[in-house]
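A single structure is presented below for examination.
Chains: A, B, C, D and E, in written order; residue numbering restarts at 1 for each.
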Amino acid sequence: MNRYLLGTAVAALTLSAGGAFADKSDDTLRVAFTKELESVDSYYNSAREGVVLQRAIWDGLIYRDPVTNEYVGNLATSWEWIDDTTLELKLREGVSFHNGEPFNADDVVYTVNFVADEANGAVTQNNVNWMESAEKIDDYTVRIHTKAPYPAAIEYLSGPVSMYPNEYYAEVGPTGMGTAPIGTGPYKVVSVDPGKHFVLEANTEYHDGPKGQPEIGRIDIRTIPEVNTQLAELFNGTLDLIWQVPSDQAERIEQMGDFVVSNESTMRVGYLAMDAAGRSGADNPFTDLKVRQAVNHALDRETLVDALLKGKSTPIHTACFPSQFGCAQDVTEYEYDPEKAKALLAEAGYPDGFKTEFYAYRDREFAEAIASYLNAVGIETDFKMLQYSALRDLNMKGEVPISFQTWGSFSVNDASAMVSQFFKHGELDDARDDEVLADLDIADSSTDPAVRKEHYALALQRIADQAYWAPMFSYNTNYVFTDEVSYAPTADEVLRFHEMSWK
Amino acid sequence: MLRFILRRLGLAVLVALTVSFISFSLLFLSGDPAIAIAGEGANENDIAAIRKLYGFDRPMLLQYWDWLSSALRFDFGESYYFRLPVADLIADRLSVTMILGVCGISFALLLAVPLGVLAAIRPNSIIDRVALFLSVAGQAMPSFWFGLILIVVFSINLRWLPASGAESWRHFILPTIVLGYYAMPAIMRLTRAGMLEVLSADYVRTARAKGAPEGLVLFKHALRNAIIPVVSLAAVQMGFMLGGSIVVESIFALHGAGYLAWESIGRNDLPTVQALILVFSLFYIVFTFLADVLNAWLDPRMRSS
Amino acid sequence: MTDKPLLSVRGLTIDIPVASGTLHAVRGIDFELMKGETLCIVGESGSGKSLTSLALMGLLGGRISRRASRADFDGTDLIAASNRQMRRLRGARMAMIFQEPMTSLNPAYTIGDQLIEALLLHKKVGRAAARDRAVALLEKVGITSAASRLGQYPHQLSGGLRQRVMIAMALMCEPDLLIADEPTTALDVTIQAQILRLLVDLQREMNMAMILITHDLGVVARIADKVAVMYAGELVETGPAADIFNAPTHPYTRGLINCIPVPGKTARGAKLGTIPGIVPSLVGEVTGCPFRTRCSEAVPACRGEIPVRTRHAGRQRILCVHEDGQRAASEVPA
Amino acid sequence: MSDAPVLELRNVTKTYTVKQGMFGEPKPLTAINDVSLKLGRGEVLGLVGESGCGKSTLAKVLLGLEAPSSGEVLVDGERLDGQDRRKLARRIQPIFQDPYSSLNPRKSIADIVSLPLRVHKVGDAASRDRAVREILDIVGLPARVMNTYPSQMSGGQRQRVAIARALIMKPEIVICDEPTSALDVSVQSQILNLLGDLRQEFGLTYLFISHNLAVVEHLATRVAVMYLGRIVEEASVGELFDTPRHPYSVALLSSVLTPEPGRGVPDTQLGAVFPNPIDPPSGCHFHPRCARAMPHCAQVAPRPLPTPEGHVECHLYDDSRGRAVA
Amino acid sequence: MSAAMPRATATAAAPRDPLLEEITGPTPGQMLRRRIFGHQGFLIGTITLLVLLAIALVAPLIAPHDPYAQDLMSRMERPVFMGGDWDHVLGTDHLGRDYLSRLIYGARVSLLIGGVAALISGLIGTAMGVAAGYFGGRVDMVVTFLINVRLAMPVTLVALAVVAVLGGSLEVVIGVLGLLLWDRFAVVMRASTLQVRGREYVAAARAIGCSTPRILLTEILPNILNALIVVVTLEMAHAILLEAALSFLGLGVQPPTPSWGLMVSEGKNMMLFEPWLVLIPGAVLFVLVLAINLMGDGLRDVTAPENRS
């Protein structure tokens, strides 16, 4: 299809793009972020980009192998539950921070106590507010006290909870950490140009942890908001790796054959949330189970996945991501059946359908396709694309009848990171189902995996039966990089620089 | 003269205050900033904590007064998003925007003024038609489209110029062309119209009757007078460019103030948006003031007492 | 004064392309002017008098075409001259002042600047010398504290003063010919008299020839040596001022003179003479006498070729089918 | 002169605030300074003076377009301000200088001429149409111009339309503000004749503002000479033109250029500079230009002195101040 | 009454003297018509605009498909001139909807946005400008101040902020643009009114006794109409482009509304691979704005009292 101007241009340049412009020669990997990262301090951003940097700059106490999902020690070498709310950890010795500060129990205690204190305003409260405090036993032994029994603690400690140097952090605080981050991780920060440009350098004195030693000497990350510009730079040879590439483009790049396109699933799940509790008005059609079921039947999840999301996305029927602990899969499924949907609507008293506001905050293309399915069965949508915060605001006030939402669970591989966030009668809970609440309370706080599993399953089944949501699909993400880069992306939507190398 | 300047300054302050108040009220309605600060993953406890911490539960006028009184001390608070002082953040981003704005307006002027003059000298000639076409096309060309085309041609195809970033002067060429071309038509038209009018003015005929050569007539006698409204327009355009370069900055990944403002709106980063709107309106006010001064210098009628 | 005229024009024609065709604004006019002589071209608006002056100066706009069988200014053919030649003449040997003193000076420059420029364009003199001359001329045109006026801008001066500055500027290079296009029309009566007096005095002093273009017969009567009456692009009557005013011959000239109330002559409140009708359109082919539609003496012959008639030993010429501008009793009105 | 004046100005002053240049301070400009004037029925009062002397402002005040800052305007003895403008409009009508600007280019001639009738709701459509035809005929325009637009007409024709519009309501007073100065002489004489005829036919009273003294002399019955907001001399036309008293009147008269060859250009003996109206000279405003100025002219403003048929404001004639008539 | 004017006496028999034409000029209407047909740009612009308007009006009749009918299995099919089939002449979009049908319906959206936004801002701006120009003084001061405030407000940002809050919809976008783009109306109308106010026919109307509303409506407004129409066209084009820019930034009209700006925005992600997705709606957008601008420019020339030719 090289008959056309732009197509020709792209094809012509990609032929020569392979070697000449790659940066293996100066050992620098050039990466693009799409979004301006608010703060590099990992407790003060909630962005995917932040997670990427966090994994490069800092270490957690524990490490979960992204492939096997096994927990191994990182900054801690071993851990043990002393009681339901106390976890004791032995720390690795001989580790030092990038600024030379040695790592020991003081750092853990300071970090945990700082972030667990709500007054310090860590934005990712959910990741840290299960911890009550930390206590130093000796230089290399600490205890972490949880507020309540919290079985997911190990998962959080191997994920978002990273260890900061106590002296440095006390001195510079989150702002200083955001502009000149110091950690123990495989990469040191050379420069931070807030939101715009980050340069990392391999930590040559990285400890012998589970992440392994960094191979690529320098990572140069620029923020380029426009996807076309990113592609232009990639084709130009001035970028080596881009990620979160939309599936259509990724498909075409793959067809060109000059770049490695790697598709991996993520934990992000797309779903429709419906106002079953009638918060947006008691006469809201979605308070009727038949309407909610009709919505579920109206969606062709398979086609959405095949045609739009592609890659490793799968249709989803539960209010959680399948790999998450407790995410039972044997719940009621609603097959694509527009006729049945129409029939259900008629039964519910809407033979001619009805009109509703339909909100979304991202992936306009998907939202549009979904709206189109709803339109097809007679639910006329007044499409409203809002900024996340604006939609969230409306959501919390209970003014959203139906919306297209997504949730990424912070890559936490536990159902509590998703279903428990939305069905425990919080401000975002549009179901307000006491039965579900009771089950989730048990599941979230039990230390017995079997009990947890059972009650998550009960809750999820109830959610599916009541069709509170219309879960639709899981997301995937595409990584595109030059063939000089060797990297195997993982399913958790995190770029791991320390696992990359030059071919 | 002094009273004039004082009155003018007073008016400028009033305009700036009004703009800032309007935008503050507007943004106040734009949803709960606590949610924005908390970020996408936060739950309601996080948000409630933040709301209290920042005092978003107080009445709007009180919040505006707080903002205003610290703004007068050049303290615009801390960005909710970046957690950096807004003043520093803007100072950092403004340099790119300023460079872009100056380059853009220079490009526009360098293209528009000669074209406008030539078109006016020979109305309905080929040059006039070309100039008219360029300007009509410029007015109808969506700048995002133009920018992407330039990237395809000059960065991807020809590889002459970088597609994004702000590292060297070469990075600014494409954005300058896009931004400048956007401002060009209005300036070109005004120059042309002004020159046409001036060229038929009596004093130009006087100059010719003195035996002045055509170059002198055009540039000393005509252009000097025709350029006066162009100066005002350029100042206004420059003011708009600084705030209106959002699309260009986003396409060329120039992290300037316009892009920052856009992103900050999306992030509900109120202190940043608020400060930026004030800064942009101040720019407009300052530029129009400078244009007035420049005009007074160009046009003695304005400075007489 | 020599016998050879300073300016001699034969068959000057000016055509202006307009949307609906060609406007024959000036059609074959003849006149000549001796050194030191004053010629007044008088006519109503649209008669082509201003175009004639601009054509002589080579200042017609680009689309307006002019031609003449002869347009000789002291040996230079004004029609055939190159731009360069014309530029050398303009301002140096033939100067011009315009009707609107308010807009004829460049508002962006001081009057000193504009005066000095006029000299520096043509004479190899220093700025200081040019400045001295500017001061001297400003004083000569009756402007007090001339030296300090040099730094002033046009808008700081009244209309009368600006016209004086214009005159001074025209005289910077001591031209042989001064063309004044309605120099006093925009001015108040008292100022008009002053400016005219000034022009006449300066003309005598510098032995300049002058073409004064006006619609005001009073002005013409007071300063002209020779008068050319212009109507619809033609000089219908030319001759010495005294002859024209004492014995106007062409019907148009007579009509015009009868139109104006003359204190002491016209009875107060009495009927004034009128010329009915309006000036004809000159777009397209113009044949016959253009005045015939308003003329009380018109006869069918007026539609044909109009002969040039000379009287008073060639000093006076009229364009009329009638020998003396009057219809014989036997002739049938048109 | 008739008994009661149809129009009277009593101590009328009009002050504007003007700004000079961009940086200038606003300053008061007294366009009309304590002017009293009477206009008898059937008179033609010529008002002459240089541009900027306040002639046009006076016209605007009389038309009710501008309210006087102080003093009063009486029409038939009734105070003008406070009166309904529409009532006034039936008695006083204007004819303006520029026939190109005084007719709305978007309207047909019939619309323009009938506007006063429509505004004052006089008659029905048919009677208005008749009235328009009639008045057009009176001003010498064929009825077929009714459907044409101003841009199709010559200056003289337009001025006739303006006159028709002014007269269709049969007003008593017509304010003619330089009605012929934008016209060619051949057309001017037509309009002047027309104005003269109309005056007789309808018994009109004119205030005739002009800078052309020959025209004023021809048409006016009385003349007022204005200088910097003051009426410096007022007299019957014969008196003023035969024996002008005020030096300014003398200068004005001497600057009239009659078409008499051989007489040369007169010396008006007036200084060249017209003073700045914002900052008028002290004492007698005219003294800097006056050939016969005396020392105290610069200090004391002259007072109005009665003359046989009017008044004059000049120290030359003020015996009480010890100055004899020259 | 003297024979001031010769009454028309030409009889049918006598050949008419070409010089004897008292009322010389054509009527303003004739003049306008003559100028219009002599102005290429105006003709081209107007005809193009009329064609687009006609397309918008009869969209349901001529659109080959339902512009909202989605078919995810046939996404981004190429147009017929790039090897596509005739079922979708201009191909399909990213959701498999017929591109030609969406373009046809999109004409409605763009014209509606441009037209209504210009109407709203025109009403606001004209009212302000005319009031300021006619009454002067304090009214003028207030209006001038408001214009200054409006000009000092970064319009794109404010529009973005408002749309971000309220959510993009046709009504919101039209409303925001309408409320933001009045400045040029106010400035131009103020200047025009000032100019017209000084004309003697306005003084004459006042002297006749016309009421102020009557003067504004019958004396002022008809004479500033030319300038108004020119600004309307400019602002219409401006609004259409701004909507496209807002849509590009994701804050314009929302799907599934087939706005051209939105189509460009939706196609832009694939522009390096399927350039026609952007080229086609971009080109129609360009043509529409070009046509409006040509018409506006033409109007300016055609209606200018001192027409150059």
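Please note the rule applied: a contact is a pair of C-beta atoms (placed from the backbone, for glycine too) under 8 Å apart; a residue touches a chain by one contact, two chains touch by 3 or more.
The model shown is predicted, which means the values in this text are computed figures rather than measured ones.
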- Task: Supply the minimal count of touching-chain steps required to go from subunit B to subunit C.
- Result: 1
- Query: Among the remaining chains, which ones contact both subunit B and subunit D?
  - Reply: C, E
- Query: Any idea whether A-E or B-E has more C-beta pairs in contact?
  - Reply: B-E
- Task: Could you tell me the distance, in whole angstrom, between the mean C-alpha positions of subunit D and subunit E?
- Result: 47
- Item | Where subunit A and subunit B are represented by their mean Cα positions, the distance between them in whole Å | 38
- Message: Taking the mean of the C-alpha atoms as each chain's centre, how many Å separate subunit A from subunit D?
- Response: 87
- subunit B: positions in contact with at least two other chains: 30-31, 148, 152, 156, 250, 265-266, 301, 304
- Message: Going by the contact rule already set, what residues in subunit A reach two or more other chains?
- Response: 6, 10, 228, 232, 387, 390
- Message: Show the residues in subunit C shared as contacts by 2 or more other chains, in ascending order.
- Response: 271, 274, 276, 278
- Residues of subunit B defined as touching subunit C within the complex: 201-214, 216, 221, 224-225, 298-301, 304
- Item | Touching residues on subunit D, where the partner in the complex is subunit E | 60, 63-65, 85-90, 92-94, 96-98, 101-107, 112, 115-116, 119-120, 138, 140-142, 144-145, 148-149, 151-154, 157, 162, 165, 169, 190, 193-194, 197
- Touching subunit D in the complex, subunit E uses residues 1-2, 4-5, 7-8, 22-28, 31, 199-201, 203-210, 214, 218-219, 222-223, 225, 305
- Message: Quick check on the complex: what are the subunit B residues that touch subunit A?
- Response: 30-33, 35-47, 49-50, 53, 81-84, 89, 92, 148, 151-153, 155-157, 159, 162-165, 250-253, 255, 259, 263, 265-268
- Would you mind writing out the residues of subunit E in touch with subunit B in their complex? 145, 148-149, 151-158, 160-162, 164-165, 237, 241, 244-245, 248-249, 261, 264, 268, 271-272, 278, 282, 285-287, 289-290, 293-294, 297, 308
